[in-house]
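These are the structures, in structure tokens.
There are two complexes below, and they share chain A, which is joined by chain B in the first and by chain C in the second.
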Partner chain A sequence: MEPQTNGLATAEKYYNQYGSRAKDLKESGKKVIGYLSALGPVEILTAAGVIPLRLKGNVSEAITKGDAYMETVVCPFVRNVFDAAVKGRYDFLDGMVLPHQCDSIDRTNDVWSDVLKLPYWHFLNVPHVTDDPSIEFMKEILRVFIGTLEKFTGTTITDEAIAQAVKAHNENRRLMRELYALRTANPPLISGTEMMKVLVAAMSLPVQESSALIESVTKEVKERPSSKDMRKRIMIIGDQIDDVAVIEAIEGAGAWLVMDDLSIGSKMYWQDVDATQDPVQGIAERYLRKLKIPTTYVADGNNYEENLEARFGHMKKYIDEFKVDGVILFIYKYCDPYGFEVPAVKSFIESTGASVLYLEDEYSTSALPRAKTRIEAFLEMIA
Partner chain B sequence: MAEDKKPRALATQAAGKIPKFVRGSLSATLKAKEEGKKVAYAYIADGQDEIMRAMDIVPAWGESFAGVCAAKRDAEKFLQKAEADNFSRSLCTYATCTIGFDMMREELNGEPVPGAPWGGMARPDMILGSGQLLCDPRFKWPQATQHYIPDVPVFVGNMYYPPFDPKLDHKDQEKFYVKYAADELRELVKFCEKVTGKKMDWDRLAALTELSDKTWDLFIDTYELRKAIPTPMDTGDAMNTMVPFTFNLATQEAYDFYKDLYDELQQKIADKKGVVEDEKYRILWGAGLPSWFALGDFQYFNNKGAVFPVEVTYRGGEKIERLDLPKTNDPLEHIAWRWVRYWTHWYDKARKRPGSIPKVERIIEYIEDYKCDGVVFHSAFSCRSWHAGIIHQANTLKKVYGDIPVLIMEGDIVDISSYNEADTHNRIDAFIETLDAAKKRKG
Partner chain C sequence: MLVAGIDIGSITTEALLFDKAKGVVGYTILQTGADSKKAAELALNTVLATPGKNISDLNYIISTGCGRKRASFAKQSVTEITCIAKGVNYLFPNARTIIDIGGQDTKVIRIDGSGRVLEFEMNDKCAAGTGRFIEVMAKALNVDLDKVGDISLGYKKDLTISSICTVFAESEVISLVSEGEELEDILYGIHKAIADRTMGLITRTGGIENEVIMAGGVAKNSGVVKALEKAIGAPLKIHVEPQIVGALGAAIIALEKSV
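Entry: the complex of A and B
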């Protein structure tokens, strides 16, 4: 593959035409499998020779068809993506894998599969607990998943192929972390808005192309003249925020978004899969024990304080490393996993000295003006 | 001050005993310390009942306390307390109600909260959660609670069952699901032994598991008496009579309660005494937790000649023989098999009817067995676990079974702010008209 030279423009293109590369590859004969959430085991999809496509919705588009099938008490992100799928945005998919992240996914599995009627469908029953029996169980369900993919693709997914895919995705994560590191500079070498476009584009591409894109962006960003625009430095925490609207609200109000703990951002890229003799073991451990997501119950510490450190300690590190002045907790309405930990995460971060703004919102720009006002007030407060 | 609410008229004497039952369970948590027993915050349908009872752990059920607060229309102060610490109103209100109560009790150094319905719950010695396919709050709620009582240890185990996939035979996966559930229950036993300082009495556990099986059988035998026309008991009662099965499983009191209820229903059938004098419409409560503050709505249905002889909600058991459980001498493995087979035993039927899903097969089975004319669902805004997927169940039912009147009511389980009695009754009136028209069409 030829090295790319126009990374930011390419990211912008794939951000604006989300899924277009997967669609092209489909037309050339590849199979495309969509998935939701950071729990999508991309290594296995890559090893199966299919194109993994993380699904997103459109925050600027009202839900007009999905509500005929799915309740409004469901996570607004899940509803929006489903609505997009019902409207045909993902008609080119050969199938989907829904990892069991939360009730909004688990309880709507039938709705997705019955309404979309894609040729391939799999619900990956990821546990919430991380003890040793859970790892063994996770390996079992990954093997069931591999079996269904083998049947669907007509190919055997060898351990060697999985090990190769693990390497490719670990390299992809390493490259993304390298790009993130450019945000530790003051001012950051890449804005939050640009970074969001890269993150979104990266999750829509086959792993090798995604890696090439990230490398290209890193090179381009390093080479461009540095800015002297010093601003307050913000970190955002949430699940799938995959649009620049919120980021523009933050940066438009005079701050830099320098770090995230988002499910399409650092949550995806900070932890590698260990190379293990049985490659499924490393994948099970990464998705169950290493990923820092609120749907995984973590309680390895000897007391509550130690458990808080295990759950949120990485955020403290990000605050130090990326010199964060303020943190925005951006939580979707109707989200029990994130919503129930707001008091704990808020007080944990505040104990570091950083200020926290908690926003409960929709996956929609319709409510953004209200959030924008609160963001502006927050930035004034920490100025 | 809680608003006074006229209690719903009860059709069975057994249902009338339930408030005493619930109050007894709550006060047992308050007396436990004097009796040298440990109290556990516990959550229903977690498969942990026999273990708790065998170790003399007194369960303090969050859903029960929140339900009582809601039924007494006295939950708002707890909801507001939780909201003040940034718990969203869109989260499970069972959880936010009890967390608000916990916050108040901690501000009083663990002393009882004045004015808490029926004295409230005792400060627990442990919290027993469960990660599962049923409900995220079952593991997030314990974690969120611990934020306010950080010295109280928490256990969260995982209890899964194979998901339905028409292209896969779930029986191929059963064994590793059962092994996993049994392993997790073993972890729970270890945790309870550590907190209580007592060893599990495995013979007692086996005996209590057997008692639970007998209670499952009797519960279903009793509820199946409701197939009679006119039905001797409806869902308005069942939202009360579910209490022993849901909160007191693995106790003799629960078994004895259903024995009394069984006898009472048999007598009603012999006397041809129905819930209403002129039973016109039979309705299935298809899914959803009720609005505990508006149980009087069942009476409103009854006043229109409509009865609910059956409900999906809280019917968390089945005749053991219908589950065809493999023999085992390990009570934990038995509980695991019962769990997995209970949740999957409509799968084969669903596979045989193209386009169907297990939840709809269950609904169809009840419509036919109980001769129902329509289905009512309730969608609560703060609960995804029961209430996401209801529209799909209604759509699928119509598609695979035929046109049957369906009403989806909207509200909440605890938060009364979502409820409008006049609107609800208008919707019920319209539904009754639909039922009437459908019955006339059928002749």
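Entry: the complex of A and C
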């Protein structure tokens, strides 16, 4: 492991050279498997002794090759990541696992595997209802997944190894939550832009290194002189926003991004895996029931209000705890799961007294100037 | 105390001088063209020339519009949403809903009695239903832009243009011409399409609250005004020069900042 004296600089390095550490480890003989979305069961990959690498695209790069295989009706994020893969960005990977988060992943899985032709490929058929039979189903598909990894790596993945990986990833989540807590201060001890770099870097490293990086950042930002720059405090909601461009647009307009409900942010870190006797049980429950993403949640309240509370109640807590003044709902075009929820989440958050700005945009910086006007106007409105 | 507001839009740039005691001293409207920085400077110099003033006589300058960051002489930039709200509130103190249709944006803004923005919606990055949309249609039909509105008011047949996209709407319009439809009917159909699109934004801000003000260059088009009034079921109030509302709001904010 590299000695880490300067966490923020290390995060910045891994943010700028995404996947470089995994690539180095690959060269030294490790196996690296890429996964898409917050539904990628990293515990199992870690237990298998492979390096999990969350897949991301590049918002500054136009889609040039991917569109030969995918129509523009596919989610702009999925298309962008696929385009990057077609252009060779992920050629060093041993394989990929695509969980069934949404139709854009499910219906393009064959295209990915056929075009990329990586040695290992797995489609994780995550169910979309969260009742007891679905938990049993989830456990079964996780076991199938484990089986394919065992075959690929030629080693047995023991329950003990899974339990160890669960522990390591829970610790990683705890450390990230500790870092998040420094954002409750006013002004926050770490900016949203810096935090984005840490989040992106963290998902590109083996879990132990990721934890060391987070610890190092926490120490560094705690020790540096605190700022007196008081600004409006913003929370962002969306799926995979994994670039600083949007965050810089928000902070450049004179606010702090202090909290998120993003699939590479708090969604990843707020829910631990319970240490169950059968370790797969805890993993199945965490990914299917605790992770609140629009495609794997079925409301079980007695009425609509209770369902909303069950689905979005955690956001209310974030608003309160992180002293959020305004919320930006940033949804990708053609994203059905998040799109369906927009009116509900907007009215739910407005009921807390916080203002909401809803932006529907591409996974691309090309449309950002227009979004910037709205973000600025929103900040002027809540000033 | 003399201040200026400058609104650098996608098609036109407006500069407006405002005196604390006398109110609006003068304004100018020019084409933005390809160089928004130059347009901003020219607009400011033009508006200063009539009263024989210099930039050094100004206590504060605020820029707005999509080119707001290009006016290096401005002390601060404020978005057009906030400026339009301020400008409308100054002109119409009872205003609660604003429909502003400019060159590439349609905005619907709900405000309170002090001109504070309560909620706003803008069209997405497609320019359908904006000033540019009307320009394209006027060109396709070979009609002067200034006459488009009045001609359409003579419509007899209720035609519907169903395409939202500017390019597809243009081909739909050309098909109507080929089918022998009358010019005034086609033009009114175009205006109705704009009103329908704007209604979508109005619904998203929570509906209409009186008084409703229309601003932006498209407010000069009597056909759009008529179609919108019909769609929302309420009269629209329009300032004699609806294009300067953003610059006026910027000037008023400049005045607030300088005291």
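As a convention for this text, the second predicted complex is superposed on the first by the 380 of 383 C-alpha atoms of A that agree within 3 Å, B and C clash if a C-alpha of one lies under 4 Å from a C-alpha of the other, contacts with A are read in each partner's own complex, and residues count from 1 in each chain.
As a working rule, contacts are C-beta pairs under 8 Å (C-beta built on N, C-alpha and C of every residue); 3 or more make two chains touch, one makes a residue touch a chain.
Bear in mind that the values here come from a model prediction, so they are computed numbers and not experimental data.
Asks: If you stack the two complexes on chain A, which partner ends up touching A:E360: first (chain B), second (chain C), both, or neither?
Replies: In the superposition, A:E360 touches chain B and chain C alike.
Asks: I'd like to know which partner A:A62 touches here: chain B for first, chain C for second, both or neither.
Replies: Touch status of A:A62: no partner.
Asks: Which holds for A:R370: it touches chain B only (first), chain C only (second), both, or neither?
Replies: So A:R370 only meets chain C here.
Asks: Mind working out whether A:E341 is in touch with chain B, chain C, both or neither, as first, second, both or neither?
Replies: In the superposed model, A:E341 contacts chain B only, not chain C.
Asks: Return first, second, both or neither, reflecting whether A:N303 touches chain B, chain C, both chains, or no partner chain.
Replies: It touches chain B, and chain C stays clear.
Asks: Spot which of chain B and chain C makes contact with more residues of chain A, would you?
Replies: The partner making contact with more of chain A's residues is B.
Asks: Looking at the overlay, does A:V111 come into contact with chain B only (first), chain C only (second), both, or neither?
Replies: A:V111: touches chain B, not chain C.
Asks: With both complexes superposed on chain A, which partner does A:M381 reach: first (chain B), second (chain C), both or neither?
Replies: A:M381 sits against chain C, while chain B stays out of touch.
Asks: Show which residues of chain A both chain B and chain C reach, each in its own complex.
Replies: Looking at chain A, the two contact sets intersect at 360.
Asks: What residues of chain C sit close enough to touch chain A in their complex?
Replies: Going by the criterion above, the answer is residues 66, 78-82, 116-120, 122, 124-125.
Asks: Which of the residues in chain A end up touching chain B in this complex?
Replies: Chain A reaches chain B through residues 68-75, 100, 102-104, 106-111, 114-115, 121-123, 125, 127-129, 131, 133-134, 136-137, 140, 144, 148, 294-295, 297, 299, 303-305, 331, 333-337, 339-344, 346-347, 358, 360.
Asks: Help me check something: in the complex, which residues belonging to chain B touch chain A?
Replies: Of all residues in chain B, those touching chain A are 85-88, 90-92, 95, 129, 131-133, 135-137, 139-141, 143-144, 146-147, 150-151, 154, 156-158, 160, 162-165, 167-168, 173, 176-177, 179-180, 183-184, 187, 355, 357, 359, 379-385, 387-392, 395-396.
Asks: In their shared complex, at which residues does chain A touch chain C?
Replies: 360, 367, 369-370, 373-374, 376-377, 380-381
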